[in-house]
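Note that chain A is present in both complexes that follow, paired respectively with chain B and with chain C.
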Partner chain A sequence: MKTRTRYSKLDALTAWSFLTPALVLFILFIVIPTVAGIVLSFFSWNFFNEPKFVGLNNFAKLFDDPSAWSSLGVTMEFIVLGVVPTTIIGFMLAVLISANMPAVGVIRVLYFIPVVLSVAVSGVLWVFLYDPRQGPIAAAFRAFGIQIPNLLQTQSTAVPALVVMMVWLALPIVIILYLAALQRVPDDIYAAAALDGAGAWRTLWSMTWPNVLPTTLIVAVLQVINFASSSLDVSLIMTNGGPLNASRSLGLYSYQEAFTHQDVGYASVLSVLQLVVIVAIVVVGRVVTSRSSK
Partner chain B sequence: MVTKKGAVARIAATALVVGLTGATLSACSSPSGGSDNSADPTSGSLSIGMNQGLIPQFQTYVDDYNKTNPGVKITLSPVPDNQSDYIQQLVTQGLSNTVPDIVFNYDTLNTTLQSNGLLYDLKPWLDAGKDGLSGSSYVPAFLNQYNSDDGSQITGIPVSADSTMLFYNKSLFAKAGITDLPTSSWTMDDLYRVSKEITAASGGSYWGIRTPMGAGDAIFVDYPALKAGGSSIYNPDTKKFEFADAKGIAVWKTLLAPYTEKWGSPYPDAAQDVNYFSGGQAAMSLDTRPAIAKDRTTLTDDWDVANLPTLDGNPTVGGGSYALSISAKSNNKELAWAFMAWFYSADGGMAAAAPNGVIPATTEGLTNGTWLKDTNPIPANLIPATQYAVTNAALPPAIPQAAATQLAPTLKQAAQEVVLGGKSVEEAYGAAQDTLNALLQ
Partner chain C sequence: MKPGKIRLGRYTTIVIFGLIIALPLLYLLSGSLMSYKDIVQYPPRLLPSSPQWDNFVQAFNYLTPQTIGNSFVFVGGVLLIQLAICLPAGFALSKIPFRWTTIIFALFLIPLFMPTNLILIPTYIVTFKLGLIGTFFGMILPVAGQASIGVLLFRQFFASLPDGLIEAARIDGANWWQVFTQIALPLARPIIAAYSVITFLTAWNLYIWPLLSGPGTATRVLTVALAPLAGGKFSSISPSISFAAAVISMLPVLIVFIVFQKWFTKGVAGSGLE
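Then we have the complex of A and B:
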């Protein structure tokens, strides 16, 4: 019994020594900024003056600000348009990559390219791809006699155009997660399915998909966070929230309020709103998934 | 079940986080240094924040300064182009007590930095002509851009008198079969007529003009045009924005015409390189003198510069400047001033800066500066065009802090509503004016 306690303590010590570096970073870069953001939302501050406590004034402003709610709508648009395609395409590509198909080595290298490019470089690359005069996308359409509008400058196409780029950026991580999950699926269930005469599609949706469902939940949560937060830097670089704020997400609106209009208190309120939205979506997702799995 | 020990730990953790947050807040707002300024202006360390594109130029000035002042160690740190990024940088420098002694400043940013107490008041030293650097030697229009709202403080000294002129690509004119080249008597009607002809003749491969108003937030283009047309942006007498009156609306319609009538370069994306002139894609462009260095390097076509056309008989030349300021928190104000006195002297920094196209914003610099002796044959009309530009440049008045940061985004929003949203000029700019005036109340 005594030996067991000593081992437990040793295990705990080992666990804490491994956890501590990540925990310190997590507290420094996640917990403290989050709490600081919540505290700042009760202050009026322009970065340079003395912060002044204003109670709930910044929150009251939120309810009278149509721009905040339209930015929330844009954030939801990013999430709705982005999460499902990223998850499904990522799963399909992972299945293809894990199969023994020709040129799979080349594909494995290619799918990882977006990871090594910074968002800024990717943004400039995609601005060129979307360029209505010189970009290859417009050129391809012109070859068929179709003149497309400037996708980044048309209110109805700006967000979808950004989402396509963000899906491309997000796919490598999703594929890696699914590849790891696919390797854990036992081979014997495929053998059993084959014996029962199941075809490729039947096996995919009835065997593979249910077995990677826990990974799908992780992917979905990560992508909700990704499409809610990454919409800031992508739209800042590629459209600056335009045209006419059609691609201005909550994150970008918060950034503009802080660094263009120097209203840090209100920018913090917008960040808190984004936090609440993400947490709500993740909680609802977890509840729905756990109920359906039961 | 919550144990007593657990509750204590939670309270301690909460206190720690709140304490850290409070410490962060107070660090952001408290002044960093005292007033322990170095009295010896010949030795010590000095830091200068400088626009990243200008650092190579400034390094040569620093090297020149060190030839006669080897005891002064000067460090240049880069400043981002984007104003939001620059403010972020100043905030983090303020938190870490590393704001440079000499702060890079520019006309449209000065009110923000000055009203927040970041800049040291240079007026007493300029009035006294300390170390030979006197405010009276500067062209008032350029120096006044760095005045406080009430005129009691001056928080920056302009480096270069930049003003706008018309750049034109003779090769593209010839390609389009247009012989009507810009002259000093051109009006806006002439400019637009020829631009339309070139765009039409190009078959879509290049434009007659790179649309002057850009994304809609180029105050140095908008203000002189509004002034020429009998309107303004902000009226310091009435303390109101007045750019959507009848004359203002007419000017906005003129400025927006290349977009709305679709014969100028298209409305730009956020990340789009719209320097179509240096890329040989636009036959004409409204630009400032510093653009000449780039065009000399990149443009292989035959090109020149001309006076900007007039509107209702009045010049439409705009201008602006960047400046050097001293940080209010600097512990080396005397040393910073000694460097600036050398930098702004005709035989010191200004002599070293002349090859870079810097036109001193002083009366002497404008009339007798070395820029008048530029021997580069391209562009041929540079000196007469510059003389016309610097003497006719209309510089916008200082905008009150309450609306200073909102002016450019609001005008850009109005331009987008017209060009991309299909609103009328009256509606979009009327709403923009109301929004800005509401901020002043």
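Then we have the complex of A and C:
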């Protein structure tokens, strides 16, 4: 008994020594910033002076600030326009290329390849694709006699134009996740469906889709986070939030408040708001899907 | 009825959709070799009239060789530190009997669904207070600290190793470090490869953190050098030269991806958080 206790003490010591490097970095750069982000939302601070406790003032400011609500709307626009198409298109393409045929493995690379692009590289490409005078998209419209404006610099089309690119960038991961899920779907359900004389389209939505529902939940959550979060990178690089803040999401607004206007407290409030929005969407989504599946 | 025909039809569909998805990227590659006249021509052309390799030379006016080196230092640093901290942590949480396992694992899991952009500002403040802004350590350490997925993935893998294997070695007198380095790590090679490819890709493509933490020329990475070309900050530059700069900055990840594609897809599927 005595030796056993001593033995597990050694185990515990070893475990701590294995865990400490990860814990130190994780606490320093994830846990502390997370707590600090919440604490700072109750302070007024410009990076230089002593932080001053202001209670709920920063939150009160939120309610009188139309910019905050319009950037919340932009964040929602990114999520609403982006998540469903990414999920549905990703699913259908995954089913398409899940075929067990020779050489399909090689062709699949075409579907995965956008994953290598950074937002910066993709931005260089799509800014030119959307160019109203020289770009190929405008040229395609011109062939039908239609002049299109600069989609990235028009208020109503800036976010949709960015979302198209983001869907394209997000598809590979979604396809890969669905491919893995499809491999786990038992083959005999398809045989049964074929016996029943169900067509390919029917089989797809009434057999395959329900069988990958758990993956769909994961994909949807990941994409809500992706579209809420990477809208910051995308609009910072490609539109700087313009035109007239039409593509300025909560993330970018918070970024500008912190690093352009040195208002750390209010920037923190905007980050907290963003977290609340994401959590709310995920929770509501879960409740709705778990209800409708019953 | 006619399986041959159906198969051909499906093949054609697969290839056509694949080409549609890859088309923008193929256009980027092709456009990087076009002359200015080629790329702005109406109707647009798909291939250069004659390849302009000089575009790549000119692109180096915007991306210096040093930014390429900096990107490798940044990504290499993130990758090495992530492996060095996540592997032992994953092993300890799955194999070493220990009272705090559940609590510590839960702690690592909390931020799994939290976008890191949300803690951008406080992370900047912590890094600033540590005096690391403008240094490679300041760029690398906060990204390396995003250990949740790595710990989860490696813990999952080590947990799948049979306990008998480890007990046998323990009975033979091996200590935990020996079990870890001589038994567990060699078996973990596939998962290490998968995680490395994903981490390489992710870190290489990061933009905002390297912009905030190391914007000076000494530490500037490729994405930070390239981004102004996407924002139209140099309107005088030919699109084909911007394209060449974009191709240069994605070439290393493109090569890594094509060579290690199998590991990448396995890793993503495995981290599908089941």
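Keep this in mind: the second predicted complex is superposed on the first by the 255 of 294 C-alpha atoms of A that agree within 3 Å, B and C clash if a C-alpha of one lies under 4 Å from a C-alpha of the other, contacts with A are read in each partner's own complex, and residues count from 1 in each chain.
As a convention for this text, a contact is a pair of C-beta atoms (placed from the backbone, for glycine too) under 8 Å apart; a residue touches a chain by one contact, two chains touch by 3 or more.
For clarity, every value in this text was computed on a predicted model and none was experimentally measured.
Of the two partner chains, neither chain B nor chain C is touched by A:75.
Legend: residue contacts after superposition of the two complexes on their common chain; A:268 is shown touching chain C, with no touch to chain B.
Using the contact criterion defined above for the overlaid structures, shared-chain residue A:98 touches neither chain B nor chain C, since it reaches no partner. Of the two partner chains, chain B and chain C are each touched by A:259. In the superposed model, A:216 lies in contact with neither chain B nor chain C.
In the superposed pair of complexes, A:41 makes contact with neither chain B nor chain C. Within the superposed three-chain model, A:124 lies in touch with chain B and with chain C [touch as defined at top].
In the overlay built on the shared chain, the residue A:237 is in contact with chain B and with chain C.
Here chain B and chain C are compared by how many residues of chain A each touches, and C touches more.
In the superposition on chain A, A:208 contacts neither chain B nor chain C.
Shared contact residues on chain A (touching chain B in one structure, chain C in the other): 31-32, 36, 40, 47, 123-124, 127, 131, 236-238, 240, 255, 259.
Only residues 17-18, 20-21, 24-25, 28-29, 83-85, 87-88, 90-91, 94, 112, 116-118, 266-267, 269-272, 405-406, 409, 413, 416-417, 420-421 of chain B touch chain A when the two sit together in their complex. Listed in rising order, the residues of chain C touching chain A in the complex are 7, 10-11, 13-15, 17-19, 21-22, 24-25, 27-28, 31, 39-40, 42-44, 81, 84-86, 88-89, 91-93, 96-101, 104, 107-108, 111, 113-128, 141-142, 144-148, 151, 175-177, 180, 201, 204-208, 212, 222-224, 226-227, 229-232, 239, 242-243, 245-246, 249-250, 253-254, 257-258, 261, 264-265, 268-269, 272-274. Across the complex, chain A meets chain B through its residues 31-32, 35-36, 39-40, 43, 45-51, 123-124, 127, 131-132, 150, 152-155, 236-240, 242-244, 255-256, 259-262.
For chain A in complex with chain C, the touching residues are 8, 11-12, 14-15, 18-19, 21-23, 25-26, 28-34, 36-37, 40, 47, 93, 96-97, 99, 101, 104, 107-121, 123-129, 131, 134, 136, 139, 142-143, 168, 171, 173, 176-177, 179-181, 214-215, 218, 221, 225-226, 228-230, 232-233, 236-238, 240, 251, 254-255, 258-259, 264, 267-268, 271, 274-275, 278, 282.
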